[in-house]
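The following pair of complexes shares a single chain, subunit A, combined with subunit B in the former and subunit C in the latter.
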Partner chain A sequence: MSATTHALHLDRFEAAKAGLPGDARARADALARYAKLGVPTPKLEAWHFTSLKPLDEAALAPSDAKVAVTAATVAGHALSTSHAHHQLVFVDGHFRADLSRIGTLPKGVVLTGWSAAKSLPKDFLAEAADAGAMRVLNAAYAADGAILEVPAGVALAAPVHLMFLGASGAAHARNRITMGEGASATVLETYVGTGRYWTNAVTDISIAAGAMLKHLKLQTEGGEAFHTAATAAHVAAKGVYDSFVLSIGGKLARNEIDAVLKGEGGRVKLEGAYLARARQHIDNTTIIDHAAAHCDSEERYRGVLDDHAYAAFQGRIVVRPDAQKTNAHQLNENLLLSDRAEIGSKPELEIHADDVKCGHGATAGEIDEQALFYLRARGIGLEQARGMLIEAFVSELIDAIADEAIRDRFTASVGGWLYDAQGARRAA
Partner chain B sequence: MASSTVETLQSVIQPYKHGFVTEIENERAPKGLNEDTVRFISAKKGEPEWLLEWRLKAFRYWRDRMLPEGDPTWARVSYPKIDFQDAYYYSAPKTKAAPKSLDEVDPELLKTYEKLGIPLKEQERLQGIAVDAVFDSVSVATTYKAKLGEMGIVFCSFSEAVKSHPELVRRYLGSVVPYSDNFYATLNSAVFSDGSFVYIPPGVRCPMELSTYFRINAAETGQFERTLIVADKGSYVSYLEGCTAPMRDENQLHAAVVELVALDDATIKYSTVQNWYPGDENGKGGIYNFVTKRGACRGANSKISWTQVETGSAITWKYPSCILQGDNSVGEFYSVAVTNNRQQADTGTKMIHMGKNTRSTIVSKGISAGHGQQTYRGLVRVSPKAEGARNHTQCDSLLIGDKCGAHTVPYVEVKNRSAKVEHEATTSKISDDQLFYCRQRGLSAEDSVSMIVNGFCREVLKELPMEFAVEAQKLLGISLEGSVG
Partner chain C sequence: MLEIKNLHVEVDGKEILHGIDLSLAAGEVHAVMGPNGSGKSTLAYVLAGRDGYAVTKGEILFQGKDLAAMSPEERAREGVFLGFQYPVEIPGVSGLSFLKAAVNEVRKHRGIKELDAMEFLKFVRAKLKMLEMGDDLLKRPINVGFSGGEKKRVEVLQMAVLEPRLAIMDETDSGLDIDALKIVSSGINALRGLDRSMLVITHYQRLLGYVVPDKVHILSGGRIVRSGGKELALELEEKGYAVLGADAA
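Let's turn to the complex of A and B:
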């Protein structure tokens, strides 16, 4: 049998497990579960639009983290230093204190990589019975990740920047964000890298009553990279989880968000944009689970697809039997720029309560001819006019990001993508 | 909505009206399913060799490739495993020879249809609807045949068509739903007993509504009818279908296949009012309605329009679809589905855009009450070559009571940038404001709800032919009676 990513992960476990921290039994169980589940295929409803075959065939072994990364590389991806922020850097999933700049934190706040932490949360590797294959594989191999604990009543003013650099093999980072009652924070995750590697990240978030987390993610992995990420957020009464995901990079990328509203008055906002070209495949799969009454959720994802790109959007909203007075709205809009780009969209509603207001929508189409004509009639060239309209389509979402440094970063990434796409168009 | 009101009203639910059984002698195939059953059915109908071969091919495919994997489980419905050997696959009212006219039809049968409100004899004289009545698995009477014949229209039972127009049947049978399509369609291909066949010649506009009335009567019987409608170039036909069954404690399987073919410039309008026995309020009994319906817009400028009102059946599993092959062809799907008590419905449509400038419209209205569970499942696919395709989908769900569920699972797959695809869905309950407004003006709670529900469904009901629209409105009222307050 030729080596596959799947086989390599099964074979290397015996040798790797001694070097992995935490509960060894939990890891062995997780690996056994993974072996049973195997690599997800489109036959599974949750993977309807995405095949991980290219990832499996890429034969990527668990990373051993000996890659050299310079401070200059890190600086190139960092937020502007004119804005205060706390920066943690991970290389191939491993915390690098030497490259991080944590700075001073309010009293009681814990922010570190967990290889540097004093103790690990007990349930750190615990996975629910219905967890997917990628999550349990992460539980088996996760060696490091970020820990952020914001105690009750504390507002962390400066944003936290978690930077993940990929370079080789498979990195299984596992992050944990815990927000105490009434606490607030802004966290930015960025994923960058070069070469052929695989990021398989898990971020578990718990938001206590009245707490708020703004969670932003900028995924600009290298063109040969694979990216799978699962975020789970549990939101207690009157808690707020506000997420924004911008996916641009990777050869094959899948971002999952599973948000559960567990107490009355909670709010979840999931927003995102994906820009794909060449032969990229980008999948966004989200679940918003209204498990308590009087909660609101809002979801908006927009996509721009060029060349042979394929994007999938699967958004499920579940309203449990007792979750009365739920408001849930979801919208997925797609812009197709080429004849070969494809979109698969599946906005799903699953509603078991009657006193609810739920709606969803999905659209796909090309750039509005009339808008294009309007601009061209005013002397703007075709390419520029197209660029303006595409940018406007995406920036409508990005402009709402409150933190200036992060918003600038996102806007620049979109601008870079447009520049590259136009360049490729001219070259062709 | 006070729960006590719901309960009071629940107690006055009107019983299923068509639940009687007709005492009539039946001829059955032996219980169970094997190659001999298939041969038995085929021999009974005196079918030609090619059709028997086709049936056997389907049966072997089903037995060897599908049965080991079991029946499909992706739909959001749950039911105990079906034992396919524990049913009769053929049941026919005993008659000596095929009736030549209505006068020769068993009077018991005619009475049944009269009770159902379809007096075949009068219908022949008075109303402008041609009816094909299917009792259990066999077509018992077709009205207006002679008059339609003058225009070259073929409207008869499927088995008759096999004898009188074998070339047409052979050309189109299985051309839209191949024998290997899906579990229940393949089963149907092996054991289908009868159904309706319609052929409209080029340029002919069928002057009257064609209608088939399906009735399951015998116990422990599955009904597997097969309908094939071919509209030749430039023709038009409107076809109606109605269904009822007796009340029985056991579940009965109904697995039909409907194939539509529209050639250049042809239009087929297919309307269904499905009112199979839904089971009692505890979910006992009722029909499993596992149906494959598909239309192919083969020709340019052709159009297929599905309208369905689904109020019956314990479980409905049905996705009337359109394959838009011809340039400028149009597909439409209008649906109202009601699930009350323990009913489950997983229904929707597929619109496959292949030709240039093809358009499709989907309007689905789901009403869920009691413990009803309802899912809209739909696919809109725009193929790479479907330049200028356009789809608009609207699906709305109305929830009545806090024990029911409404789910929406649309799949949108676009492979052409010039496509414009829109999907919209909403889920809500009848608002207290709406109810209060009506009550304040002196309407009873029930009338108010009935009015609001009818308004909710209006977009779909207006697509129905007049005769059906009236029946459908009444049915909606009956199905929901007692579920609201």
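Let's turn to the complex of A and C:
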């Protein structure tokens, strides 16, 4: 059998399992489930727009964490040191205490890589019966990840920065964030790297009553990289899950968010932007499950697609029979810079309650010619004018990010993308 | 300054201007009047270089250079300014950063040192003062949610800041209240000078009472049907277009 990512993950398990921490049975079960499910294909509803064939053909084996990374590399991706923050670094999914700067934490807060943790939550590798193949594969191989526990009533003022550096093979990091009642925190995940590798991350989040998590993600993986990530957030009564995902990197990237509103008065906000060019493929698939009454959800994703890029947006909103007085709004807007770029956008509203306010919309358009002419008529060159309009489209979302250091980082990443895209345009 | 010779312009395959001749000397202000749909904005757009406005015959010379061969940004940098009849709303782009970028493009082109943020603010504040405006509009995204009059005032401000050689003001007076019209007019008058020419498109004699033109042209059906001195505007106001031999729209 020729080497595929799939086959390598099946074949290497026997040899790898002894070195993997935690519940060995759970891992073996997870691998068995993965073997049954196989690599997801577009035949599956949830993968309608995205084929993982290139990932499978890339023949990437589970990474062995021996890659050297310098402090300078880490510093290049760190948040500005003029803003206090807690930084954890992972290389190919493995925690690197030597590169991390956790700093002082409020009393009771746990923040660590799990290879350095005193104990692991029992259910750490547990997967629901309907979990997808990428999640269960992560459960089989996850060797490390971040753990953040903010106890009841504690506000973690400085943001937590989880930095994931990819270099080789497949990295299956598994993160867990637990917010106690009334707790609050801001967590930024960034994904960067060089070369051909695969990030397959899982982040599980539990938000207790009245707690709030601001969760930001910056995906700027290398151009040859594959990125699949699944975030699950459970929100109790009056809890808030506020997410922003900026996807720029990777050859093929998929971000899944599965948010469940489990108690009355909860709020979920999912925002995101994606910028893709060349032959990049970026998929955002989200589910917001209104399982309780009186909850609000707001979803807004904007995409910019150039060259032959392809983006998928699938946004499913479920309103359960008991979830009366639900407010749910979804909007996906796209700017197509080339007539070869393509967007597959699919909203899915599944409403089982009658007293609800739900709405959704999807648009795809080109750069506004009138706006472009207005800028040029003032002396601003065509490329710069285009750049201003593209940046404006995305920055309308980014400018609302509350944390200054993170907002600056996001703005700079968009600026970098524009610069590269303009360079490519000039060269073409 | 500006020489328009036998200019024919097509939009979407349809000829809108059927041979315009107009000569605007340095320092002169000409008014262009005419019924709705007569081609005034088309003339303005073709001078500014809007895509889709094709010159099929004739020529436009600006300071001896072939204007039609230049991109819109090159024209702006050479000193052409179009005050839009309908200024465009651009969400997400702040007026200040846009204007700073524009000013510096023009300065770069003219070989003058670019302004840094502080210098630019000082420069803009002086212009704001001249036009009796605050800086609140400039801090907002370009034209977004501005009232009709606010949009027009910002157009004049942009002209004042960019210091063009040829300013084409397309119905800048429409939508201004009486006080704003006076302020804007005195602003325009302050910008009149030997090296600056203006083409003022308007429907109303009132503006021309403040900004007194050297010449008035009547455009009708894509042709200049009459040209004359400032009295022509008065005559027009009294008698309407029909009397002048121009077809009402």
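Quick note on the criterion: the second predicted complex is superposed on the first by the 428 of 428 C-alpha atoms of A that agree within 3 Å, B and C clash if a C-alpha of one lies under 4 Å from a C-alpha of the other, contacts with A are read in each partner's own complex, and residues count from 1 in each chain.
Please note the rule applied: a residue touches a chain if its C-beta (ideal position, glycine included) is under 8 Å from a C-beta of that chain, and two chains touch if they have at least 3 such contacts.
It should be emphasised that the depicted structure is a prediction, and the values quoted were computed from it without experimental measurement.
> According to the stated criteria, A:Asp339 is in contact with first (subunit B), second (subunit C), both, or neither; which is it?
First partner only, subunit B.
> For A:Pro347 in the superposed arrangement: first (subunit B), second (subunit C), both or neither?
first
> Scan A:Gln324 for contacts with subunit B and subunit C and give back first, second, both or neither.
first
> After lining up the shared chain so the two structures overlap, which partner does A:Lys357 touch, if you call subunit B first and subunit C second: first, second, both or neither?
first
> In the overlay, work out which of subunit B or subunit C sits against more residues of subunit A.
B
> Once the shared chain is lined up, is A:Gly76 touching subunit B (first), subunit C (second), both, or neither of them?
A:Gly76 sits against neither subunit B nor subunit C.
> Based on the superposed arrangement, let me know which partner A:Gly19 touches: subunit B (first), subunit C (second), both, or neither?
A:Gly19 contacts neither subunit B nor subunit C.
> Which subunit A residues contact subunit B in one complex and subunit C in the other?
Touching subunit B in the first complex and subunit C in the second, no residue of subunit A appears in both lists.
> Note which residues of subunit A are touching subunit B in the complex, please.
45, 48, 321, 324, 334, 336-366
> Tell me, which parts of subunit A touch subunit C in their complex?
It comes out as residues 368-371, 373-382, 384-385, 388-389, 391-393, 395-396.
> In their complex, what parts of subunit C are in touch with subunit A?
48-51, 71-73, 75-77, 81-82, 84, 87-93, 98-99, 101-102, 105-106, 109, 141-142, 158, 162
> Inside the complex, what are the residues of subunit B that reach subunit A?
74, 382, 384, 397, 399-429
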